[in-house]
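Every chain is named by a letter (A, B, C, D and E) in the order it is written, and numbering of its residues begins at 1.
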Amino acid sequence: MTTLTVTDLDLHYGAAQALKKVSITAQPNKITSVLGRNGVGKSSLLRAITGTHPITNGIITLAERDLKRSAPYARARMGIGYVPQGREIFPLLTVKENLLTGYAPLKPKDRSIPETIFELFPVLKSMLGRRGGDLSGGQQQQLAIGRALVTRPSLLVLDEPTEGIQPSIIKDIGRALQFLRDEMGMTILLVEQYLDFCRELSDHIYVMDRGEIMHEGPASDLDDPNVKRHLMV
Amino acid sequence: MITAKIFEKLGVKAIWVVAILLALAIAVPMSNLLLPVGHPLRVPNYLVPLMGQYLTYATLALALDLVWGYCGILSLGHGAFFALGGYAMGMYLMRQIGTRGVYSNAVLPDFMVFLGWRELPWYWQGFDMFWFAAIMMAFVPGLLAFIFGWFAFRSRVTGVYLSIITQALTYALMLAFFRNDMGFGGNNGLTDFRDILGAPIPAATTRASLFAASAILLALCFILCSLIVRSKLGKVMVAVRDAESRTRFIGYRVENVKLFAFTVSAVMAGLAGALYVPQVGIINPGEFAPANSIEVVIWTAVGGRGTLVGPIIGAIVVNAAKSYFTGTFADLWLFILGGMFVFVTLFMPKGIVGIFTSTWSALQQRRASASAEKGVDTEPPTPPAQKPQPRQSNDAPDGAKPSPAE
Amino acid sequence: QDEGPIKVGILHSLSGTMAISETTLRDVMLMLIEQQNEAGGILGRQIEPVVVDIASDWPLAAELARRLIEVDEVDAVFGCWTSVCRKSVLPVFEELNSLLFYPVQYEGEESQRNVFYTGASPNQQAIPAVDYLMEEEGVERWVLAGTDYVYPQTTNLILEQYLLDAGVAEDDIMINYTPFGHSDWQTIVSDIVAFGSEGPKTAVVSTINGDANVPFYRELANQGVAAEDIPVVAFSVGEEELSGFDTAPLVGHLAAWNYFMSVETPENEEFIAAWHDYIGSEDRVTNDPMEAHYIGFNMWVEAVEAAGTTDADAVIDAIVGVQVPNLTGGIAEMLPNHHITKPVLIGEIQDDGQFFVVWETEDLVPGDAWSDFLPESAVLEADWTDPINCGNYNTETETCGGSEAVAE
Amino acid sequence: MGSLNRFGRPFLALIFIALAALAAPSAKAQSVAEIVPQMYDASLGDLRDAVAALVATGEDAALPILQALGAGNLYEADNGGIFIQTGRNQYEDALTGAEADLDVTGDLSTIRINNSLRRDIAAAVGSLTLMSENPATRRAAAAQMFSTADPANIELLDQALAEEDNPGVRTVMEQARAAAMLRADISEEDFAAAVAVIAARGDRQALGILNANLANASEAERVNIEAGISRINQSLQLWGIGQNVWYGVSLGSVLLLAAIGLAITFGVMGVINMAHGEMVMIGAYVTFFVQEIIRTTNPGLFDYSLAIAIPMAFAVTGLIGIAIERGIIRWLYGRPLETLLATWGLSLIIQQGVRTIFGATNREVGNPSWMSGAFELGGLAITWNRMWIVVFALVVFALLLLVLNKTPLGLQMRAVTQNRRMASAMGIRTPWVDAMTFGLGSGVAGLAGVALSQIDNVSPNLGQSYIIDSFMVVVFGGVGNLWGTLVGALTLGVANKFLEPYAGAVLAKILILVLIILFIQRRPRGLFALKGRAVEA
Amino acid sequence: MVDTLRDGSLLYLDGVSVTFDGFRALNSLSLVVQRDELQAIIGPNGAGKTTMMDIITGKTRPDTGEVFFEGGIDLTKKDETEIANLGIGRKFQKPTVFGSHTVWDNIELSLKKPRGVFASWFYTRDSADTDRITAILDTVRLTHRKHEFAANLSHGQKQWLEIGMLLAQDPKLLLVDEPVAGMTDSETEETSKLLKEISKHHSVVVVEHDMSFVRDLDCRVTCLAEGAVLAQGSLEHVSSDPLVIERYLGR
């Protein structure tokens, strides 16, 4: 089973330390959320897990395999799908080509675009020939999520996936995540600021502040004043 | 207390650089002229014009740094402005030969005589007067840069497109100046200079004066660049470099900022070229060769782009290396020089100056961390070891150590 | 002070665009020096070559010339190929009073006290070639094709005047210039063919320089311009240039030089053998500028021996009148104008990349510094011996023009 | 030599009478056997006499000797013997036909001739072969006579025409006859007819003949000729435009080849690759190397040398490219401008390296037979090497387009260069893709080198002369767009060739540069500019 | 009639259409913003909200339609710089800041000052400017990072910096594209307070998808869809529109 464990993680940007001894676990069939104010290190944690930024210390394991030395593409091949903050669409590739980049870690026989993506984001289907960079912000966000799903991940890592997306589709995304969790047995790690969304979906939450994990517990803890304190300005 | 204010605006580093340059302007000529031959401290004759030449190169590199390092305009044609300034000086020097040319023609330079020209072309008029020539040394490159920049920046030509058309510009000028019909001596260019301002060029005193003039020009240009770079205008330039369109949306006229920097830079390059010519004794269309302009970019990169001091160091180091190696390892020097460029890129990403600043900041940091353990929000602005990478610009900014506003 | 080796500077481009031609000259100089050392050197002292690379960069040439003379203290310098190189180092040699031996054919219009021109001046190459075409091939129409720089321009100016004087109509002369390193010759070759198809016999006089020649000749070959129909006579194409491609389709096109590798004389055979031996390859060719260095070096050696010193002034005095054998069976003499006497040979390209000499002057031609076909220079004379001692003596006003008049 | 021609001796005798006029007035007729030994160590003047004498003999044996002399296959031996080369290191005695024994004869050396002698021989051989059994030979002989245009040939041509049944050869013979007639003293109608025949031919050679006769024609004849000339000029002018387009296309294809590798390393990857020219140069040296090996081991393969060189050059430069990417470029992603510095350094090193290994001088790269010469297409003269280069450039372009747009590798290449980090997170093996992309770009540059070795110098400077043009083309066409590179290269090529006749080569080049500068003002992102949000930051 | 509407308004768009490669992003859009008005714009992804801002700020030229500022100024004839100097400031959907400048310098560059080359060259910061910058930094809570390079900020911090830069420009009309994306709930509340405060003396147009934020703003709401206005009015009114629910809010 694809359990993700992160132990005592340190991460630096040059001299500045962004993560301090961070440890989390994400279980299969669960949605694990990480919350915190701006700049506390949520995205940094996800970058560490996906390998897009090097870590200074600590251990990351996926299904009991150590990821420390693996390049991002190797992690993608182990089943990590990543929806980064800021969309990171390939701007000059068409929507279709953006989706096709997800074929890279797949075996030839698995290479197809799941229909569910278009059910979830119908707008993508009508825009397959358009360049990714021309899409509106929200459309790009939808594309980014769709693109990650093409790789058939066993661990899905999402960094504020609802940012800039219209309310109706946010609801769809929520339903889709539940489906992926419940029916596909996916491990889902979610960073989100949108508390209502989190509360509704999450099985387990972590709260960060200043590069450290300050709290861990079930989603209901979100209403705990101790936790709220970390999310206040 | 205007001087005090200027000093303050210049910053300590610039004052040091200027002081060193001025000291050189005095010390080198004195040592060459006053000390007896063979004295260990005497600067030998041949080194004086050579060092003067390096200083003009350094001025050129500095000029490029203003547009490239700060404004993000990678000009691959800066040699053109240098050469135009040089030609203006060359034309003056040619006119000074007078009847001492081989054909004893008081007006026409030798090459015109034997190619059968009957009278001096209109664009040669006035170059017998130094003041006129001196204005042209700055005006011609400045005007060309202004016109070129006016169109290019208004049309929003940026990035490699701009780089390549600057290259096309210098290349076209090279081909044009190669033509004998242009009246600039074809590929032989202008040579055989005798006097400058009445002083014979080969004389030691003239050489020393030219050296001093080069050092002073460099110092003045450095002051000018520092004043620009350290002002808010300098920050706008960097902003343009990082995110040109964003700058527009704040309300700055990007094209004017670029045009200003480009023109000022071209004028500096032209003046440098003007001082270069009497010290090497020739100006020919080879100076317009695209490869020459690329070399200027390389000096700047080797020294450290966007630092003002870097290009000066880079120009001197690369050229001194070239002088030394071409004379000493005639067969190997390209390996050495080429290897040096590769080495610098791989191991000194911020150029030679970057090595100093990073050791300096490492030292500072050690001191800072020794004194206090603060955490993520450490107050002192230590320049990050990792360069920030704005996504939209293809021009990775570096250097330009931020001078915190306080 | 007379102890230790005598130093000789070698000032050629070993990199950049001109390396293609000049590297060989560096090698031949090293060979000559080695030979001289084996024969006991000069004045009982060994010769030490000092090699620098001017990298086809002319300001650098001036800088390195200065360095050779001032820092390395060489007694003579052999070097340069292009005119601009010579022009840029010339003030240095004048200022520091040293010697330069310049081995390449050039446009003339110059004579300087410190420079010895061992290559051909226009009257030793261009004019005889045109004469040959006029007389032997009956050419009436002329294409003067050159690279756009001073040597072709001057040469063509002289030739044009010469042809007009010989009664050729202006319409029968076509002048065409191309940029350095021009590589697409389709249009120009077809223009030549068109010009040549207008009736009378046509020839091309090529002053195309350097790299541009290979693509030019390849295009000639491919468009089938045969030597029997439109012969091309070149002044800058020698054995070295021809070694870059297959010359079979070009057999019969011409070149005018003062030396060809194919000339069969004992001196030449010995020289070629020594060269092959030195360079370690039988495939390497010899050419005219190499011979010029050979002559120049031997002249310098003779002059130094005669003067008993390497002192520049003494050598300048001693060298005028020095005679050394050239490689084609004649004698080269250093004239008072610092040019030398040379035979003029016209060769036809053969399929092995060599030239077959089809014509040669009966007598040696003395090099003329100032062309008689340019109005301004017709009255000038160069003579570096007393009493004139001037590079541009005006025979009409009987004065020495230029700086010397003022300086002396 | 058996039957030399279809008509045998009587006819030959006639030829020789006709040729007697051409031959130098030799005192008395000699036999071939007498003349040949005189050719040993003869001066050019003596050789000329010998040729005339040989023609005058009227013997069959003269023809092969003349042909050999004209082709440079006639040799003299140290012992005074004269030999004809029949094959590689095979010589037979010109008189006896006996195989040469080098031990007896001593060294053999070619008998050299000059242009005017070559012309004489060609004329003589032309006359002698006019009756050959082979139509191609007859045609060549007639063509030769056309250019000689000697009235003495008229009778001969009449004879031949009477027998000729091949229509193609007939035409040429008629034209040759007409050309000769113009020089002879003939009636006005005949003159007009001859002019008509020649004008109908309509090419430059015809123009030459007409022009040549203009000077000494009578008033009436002149009108005739002028009409002929203007007719030819008109058609030539039309064809001239086509010819210019072709020159432009062919120049464009050279630019395309030179630039297309750069369109990958620079256009797609964003590496300011100053070492691109050196990859082209290495490709040319690979060609040289391949040809050198073929020359020494198996000369028969020479015509295939390019076919062998193409994959070799691609592999060699591609591998070098991969090595460069792995060794240097990969440390520089994210700092594209620094690649300029590193690759500039590399280009210096590679140039000097090649200079050290292969020497600074040009190396000989030959054209295989199928790359030599020209053919006519209507009024267009098309040289084979240009034509194959155009084809090659288009094929390379098409293949590249296919790779880039239709293969997973192409998609991954584009993804990686647009956002390396994200591509990696998508599971794309970025180091591998980077290496492949740079290798592909370099390999294509190497292919360009193979083609350029056929038209230009193969020297260490080869690359330098193309690098600037390559950047111009890529930028003019629009960075990152392969079609732009194609259209850009062809546009610049054609524009250049249309400017050249008016402005001269130098000004044309300057004008092109100015046009590029002005064009970029109008379209700041090149011809095929990418538009939309995606590109505007 | 129409003219009086235009003259009285700060921003007036009428019949604006724009097409990209055949795709109609704005379809005869008409919109009026009054002086000192706060207006929220919602609408599905791709409705054309950002494109509308592009048109107002001169980044994109409309194919047809009128865009007037302060009644008489035709914005379609002006370029970005002129429009910015007329007093229209913008926060971009995707935060774009000057990465190699410090946070402080980012704000300083944006301060409302003469923008000319020489004016910038000879500019010296006076204490009023310093106070203003300090105040803005406080507002956007970046005081503790004022010496940090902007490139080193987290995504949310860049959003804040953009808002700070917008404030510093002190424009007459603020166009704010998705200001609270990536902010915590409490920050969202702060932002709405801030915008309401500003709108007392400025006109503000806010684009957002966060309904609770829009509710907090308590202003006129316009819902765009497929490049045209779908509904307009109070939030209650708009959000009860069945078309809005179907196309935008979802069930």
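Convention: a contact is a pair of C-beta atoms (placed from the backbone, for glycine too) under 8 Å apart; a residue touches a chain by one contact, two chains touch by 3 or more.
Quick caveat, the model's predicted, so the values are computed rather than measured.
Compared with chain B, the chain whose C-alpha mean position is the greatest distance off is A. Interface comparison, B-C versus A-D: the pair with the greater number of contacting C-beta pairs is B-C.
Most remote chain with respect to chain E, judged by CA-atom centres, is C.
Comparing per-chain C-alpha centres with the mean over every protein C-alpha atom, the closest match is chain B. For this pair, chain D with chain E, the centres built from the Cα atoms lie 65 Å apart.
The mean-CA centres of chain A and chain C are about 75 angstrom from one another, to the nearest whole unit. Centre-to-centre spacing of chain B and chain D amounts to 46 Å, using the average Cα coordinate of each chain. Under the contact definition stated at the top, the residues of chain E that touch 2 or more other chains are 20, 59, 96, 152.
Under the contact definition stated at the top, the residues of chain D that touch 2 or more other chains are 351-352, 464, 506, 509, 532, 536-537. Among the residues of chain A, those in touch with two or more other chains are 13, 16, 134. Looking at the complex, you find that chain A touches chain E at residues 13, 16, 37-39, 43, 85-87, 123, 130, 134-139, 141-142, 160, 163-172, 193-195, 231-233. Here chain C touches chain D in the complex through residues 14-17, 19-24, 136-137, 148, 176-179, 181-184, 186-188, 190-191, 193-194, 196-200, 211, 214-215, 218-219, 221-224, 227-229, 231, 240-241, 243-246, 249, 251-252, 254, 348, 350-351, 356, 358, going by the rule given at the top. The residues of chain B lying in touch with chain D in their complex are 74, 151-152, 155-158, 160-161, 164-165, 167-169, 171-172, 175-176, 178-179, 243-246, 290-291, 294, 297-298, 301-302, 305, 331-332, 334-335, 337-342, 344-346, 349, 387, 389, 392-396. Within the complex formed with chain A, the chain E residues making contact are 20, 23, 43-47, 49-51, 93-94, 141, 152-157, 159-160, 178, 181-187, 190, 209-211, 247-251.
On the side of chain B, the complex with chain E involves touching residues 227-228, 231-233, 235-236, 238-239, 241-243, 245-254, 256-257, 260, 377, 379-381, 384, 388-390, 392, 397-398, 400, 402, 404-405.
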